[in-house]
Amino acid sequence: MTVPHPFNGARLPVAILGATGMVGQAFIRLLADHPWFQVTTVAASERSAGKTFAAATRWLEGDMPAAVRDLIVQPCDPALITESVVFSALDSGPAQELEPAFARCGAIVLSNAKSYRMASDVPLLIPEINAAHIALIVTQRAQRGWSGAIVTNANCATIVLAMALAPLHAAFGARRLFVATMQAVSGAGYPGVSALDILGNVVPYIGDEEPKLETEGQKILGTLTGDAIVLAPFIVSAHSNRVAVEHGHTVCMSVEFDVPVTAGAALDVLRDWRGDEASHGLPSSPPMPLVVHTSLDRPQPRRDVQRDGGMSAHVGRVRADPQLHIRLVAMGHNVIRGAAGASIQNAELLAARGVIRAG
Amino acid sequence: MTVPHPFNGARLPVAILGATGMVGQAFIRLLADHPWFQVTTVAASERSAGKTFAAATRWLEGDMPAAVRDLIVQPCDPALITESVVFSALDSGPAQELEPAFARCGAIVLSNAKSYRMASDVPLLIPEINAAHIALIVTQRAQRGWSGAIVTNANCATIVLAMALAPLHAAFGARRLFVATMQAVSGAGYPGVSALDILGNVVPYIGDEEPKLETEGQKILGTLTGDAIVLAPFIVSAHSNRVAVEHGHTVCMSVEFDVPVTAGAALDVLRDWRGDEASHGLPSSPPMPLVVHTSLDRPQPRRDVQRDGGMSAHVGRVRADPQLHIRLVAMGHNVIRGAAGASIQNAELLAARGVIRAG
Amino acid sequence: MTVPHPFNGARLPVAILGATGMVGQAFIRLLADHPWFQVTTVAASERSAGKTFAAATRWLEGDMPAAVRDLIVQPCDPALITESVVFSALDSGPAQELEPAFARCGAIVLSNAKSYRMASDVPLLIPEINAAHIALIVTQRAQRGWSGAIVTNANCATIVLAMALAPLHAAFGARRLFVATMQAVSGAGYPGVSALDILGNVVPYIGDEEPKLETEGQKILGTLTGDAIVLAPFIVSAHSNRVAVEHGHTVCMSVEFDVPVTAGAALDVLRDWRGDEASHGLPSSPPMPLVVHTSLDRPQPRRDVQRDGGMSAHVGRVRADPQLHIRLVAMGHNVIRGAAGASIQNAELLAARGVIRAG
Amino acid sequence: MTVPHPFNGARLPVAILGATGMVGQAFIRLLADHPWFQVTTVAASERSAGKTFAAATRWLEGDMPAAVRDLIVQPCDPALITESVVFSALDSGPAQELEPAFARCGAIVLSNAKSYRMASDVPLLIPEINAAHIALIVTQRAQRGWSGAIVTNANCATIVLAMALAPLHAAFGARRLFVATMQAVSGAGYPGVSALDILGNVVPYIGDEEPKLETEGQKILGTLTGDAIVLAPFIVSAHSNRVAVEHGHTVCMSVEFDVPVTAGAALDVLRDWRGDEASHGLPSSPPMPLVVHTSLDRPQPRRDVQRDGGMSAHVGRVRADPQLHIRLVAMGHNVIRGAAGASIQNAELLAARGVIRAG
């Protein structure tokens, strides 16, 4: 059951902001053969602007798609970039001003930056979980007078947490979480983490990560009521760690719910979850949003992270917790499911729903 | 302030059971220049018995001390091994029968195995924390009719947890803990973890580890009342993970106490802690039992684990927890502070207190 | 241009010896959707025999194909295993006796073991290089009185070396090589290399590896003359090292030829090479046998090894040598191109040439 | 046999250029308790100048020595820095102009940069090998009109190569070398190599490294004849690789000499080597300049690199080469023996010889 092509078979031109970095490159890889979207503009900082993409970019995985090699890197200027869909891999600093500038000019901006995630009129979107939140765009446009819009995806570790928690929260009502993450080096971009900091090591701190883990999930799992999101009422305590893993954030969680929950009941809910129907059949949606592992020592990032092109989230070790109700391990690809793939799936949802239109 | 030599300057002969493995080798390294003890017998499984120690052993760190190279490996037979002090690096399987056999024959057995840790008449000893627990030896001898005794040290990750928790529990009374560990490969012995399992990976499971983390701490921090330990009444939820680190277990903890505790108050207590006076001046006791880090991203195993010969425990990132009172990161050398060094320090305490005597 | 299906569209039943190990599992993965062959028997040591494959095997990569999960592991006994094609992932010890036993009973044995590689009547086969060597099977059968045959592939590092050297040797005649390898841990099987030996380390020795690198290439690149191989007359000095890489052996080479060769001339030859026509269109043959890299710092195992399903070999840094003619870096997937994939491609060649027949 | 204190027990004030980087920090660690020298000035780029050293520096190993924490970082200006001994950890760009400026002002500059290593009037000094080369300073001062001087140490991998080759060259005359290196990430400084480039990977290229390996050794092992160095007449072919190792460059070598040399004869020479008498008893000289390993799989960087404070070089696997005379593996600490420790030992030699004087 595939969603019908929203643009009558023609690929819609899209631009990528921050195209030369780790997440920008993932956008380009994932869009190279995308059925709905085609990258026609790559934009980056002034330092890269004016060069060919091939000259401006140290390509990190596989081969650079031929279609972008000779594109001239543009500055991130809405006066020069006219695509109606803009994927943003900008850091929060430049995103703060540039993303609204594009939205004001009419672009739908799919953002990875934290700048507008928690704004009350901006969707923090995961199609499997909260597709209805795209209704916030109406409010956003009314309040801000924009013809475009900003739609965000969450922090890469939060997305992994939210995917595992969503069906459980829907079934049982999450109240309290204790969360410890072991995050891959690709989460810090490129060059990002120095080899001297992480080889044979654990760094028990990631700047500004724990606050995101403690607040974004409540919005993602919140309820659209009228024209606002009512936050989900659970509390999160987070510990973030960097480990010597290339891709894949691992998240250990202990969770308490509104009602008693056994490991068996939790497993049933996790296995049955298909995600919101609105996400079904989108080109980037994985066959099942969650892969439930029963082997005692899975999921593992190196062994599981590439499954379904990196768009599945994984859960395993679902078991009783001595204090709360259950414990489990979640894992997902931070660059795909947690960043570029998430933005693209969001754009697909917007296209399927007619928010993104051709012409 | 050094404890006086308990044997008038002569080094007491000691035997090592399981001498060829990872922890056995650590015993030999740490005892090579020990002022009180001297390794005179190395024992191992039947497979190694009869060979020289050099021939039977794949030596893992530094150079094999000359004094043990030509020792003939003995079988673990109390009829053949007559030293009055026996350090045991046996697995729990063989330890189950062999350690009592040695104690029955009069030896003080310093055990790393889990077999007798939770027995009500066996000390689970950390000199900085519960030196008074050695009084259990009287009960043990009375009940079992042994002239020797078994004294145990805890699981390697539990020791790290207990060192960080001890001063806080003493000051504020711990009630609840959420714990996530990232454990070094040396914790699994040699050859232990396959490179194919852990390179660039996290394995979110260590067999039989979480139960130890959830139960041993309450005994370590328990109170000797009459001739029994009253367990400390806190509850622990544990998540154990293996990471690509050589030495050093990292432990993230969220803790609730009997009374409200701020991060500042916790830091003061951690910094002031000197450990039980009984531990002061023992040859293996570090200058301070806890190194308190203020740098945001410390402690780190590769950078901090060798400090003070591996006998310090480390704490850092002491901060408020959104739900409980405080969060922190603890770290310690699993083979030294968490195993061989712990046993040796225990033996030193017993010697200082006259439980181990010359002749 | 695909080779016609040799069995009229039906998949030929095949057996795998040593099916539970690292290379055995690779056979199963690669054959799961193979158009010509189907795994119908899995065999392993007595320890595993009688269990289901799922119960006997710690599966290492991806998901175990459903078709083998419930197969009962057989002992490696030619009386019980009747498939006419047998892929052998046996160690050289058991291979020494078992592989001839199967060949005597009529099976074509595709062997990864070193036992018969250098036997004068046994092909050491790489279809892109020496397809003509399959003629040795006639001699082998005549001499040994077998109805089956043994066909071998080379040591995993030697295959990488041979793929890079083959076109250069054909064009210019190799005389002398200096070779230093950096080999992945998967080359030692599972559990193989202990994490404690290789994390953050280099081990400058691999048992019995340098002699293979110094002798097998001359046979692979030798010339079938009458019913024997005349060895290629170059000399190799080899240094073998183990590094902390999952898959992919990297080989640095300095080479002298019969005639002066510039880097440019070598590059032209490497880029033009398509391999022996007999290898074209086999199901496992990559689009081009060699991927020639021009980026200064490629090939790299983690970034390049999975290309073309691991069946391409890679060369890069082709440059002048201060003493000999050229230097270069070669790299290939040791488990796929260097072992299981090599055997399968060999079987495909034998099927295409009618040596392996249905019924 | 310790060299007498050259400054009557007082520590000579010294300055460090590039003090905040990886090698600069190593200078500070190694000099913290040095008997002859005391760091009184730390200098770095304009970006750091004016801050305290603690504020300007991300300290990488162990604890920052208390004595430098509050030093104000100076700009690298000879008008402001008046110490008569200057250790330079500058990159070759700034070194090109700054090191002569200091020498012109009277300072003895101990340089790690490549800028002046190959200048005919500049010693490329290793005290165990070519102490006599310090006589070039006379020429240097005469030609350049400097009251100070520049004395250099070689590239970090070349030093390892030279230490292993020196006694063999002295005994047998080296003619040809094939060299392949596996170099630690610390060789690239901090942050240096991105974790994403090297985790689970090999990078078969290090910029500008092979030319140094191919030329510097001939000067180090050259002969002072009159007022010039006659280069040693051997030829080197080098392959440089980066591996996932923290510290320690491993070098595989095949060597041909003027006369036939067996592995046994080479081993005898390597074991007997004490280095130039001029190096004996210097504070940084290790007990023996070479540690000769007989275990088949040693030296290994993680296991051997810290021996003797990192100042020993290591050799192992000395064996016959199929083409040249012998093959071996050498290894040494690139930051200590290959950089900061080398400069300090050079300064010690100059002090012992009266080139560096108090007052």
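Letters A, B, C and D mark the chains as written, and numbering starts fresh at 1 in each.
In this section, a residue touches a chain if its C-beta (ideal position, glycine included) is under 8 Å from a C-beta of that chain, and two chains touch if they have at least 3 such contacts.
Computed from a predicted model, the values in this text were never measured in an experiment.
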{"item": "Recurring contact interface, reference C-D, options A-B, B-C or A-C [over half identical by residue number]", "value": "A-B"}
{"item": "Comparison of A-D and B-D (more C-beta pairs in contact)", "value": "A-D"}
{"item": "Separation of chain A from chain D, taking each centre as the mean of its C-alpha atoms, in whole Å", "value": "48"}
{"item": "Chain centre separation in whole Å, for chain D relative to chain B (CA means)", "value": "41"}
{"item": "Residue numbers of chain A (touch at least two other chains)", "value": "60, 199-200, 244-246, 302-303"}
{"item": "Chain D residues within the chain B interface of the complex", "value": "60-62, 199-200, 246, 302-303, 307"}
{"item": "Chain C contact footprint on chain B (complex, rising order)", "value": "22, 60, 185-186, 190-200, 244-246"}
{"item": "Residues of chain B that touch chain A when the two form their complex", "value": "176, 178, 180, 182, 199-205, 207, 214, 235-237, 239, 241, 243-246, 250, 252, 254, 296-303, 316-317, 321-324, 327, 329, 331"}
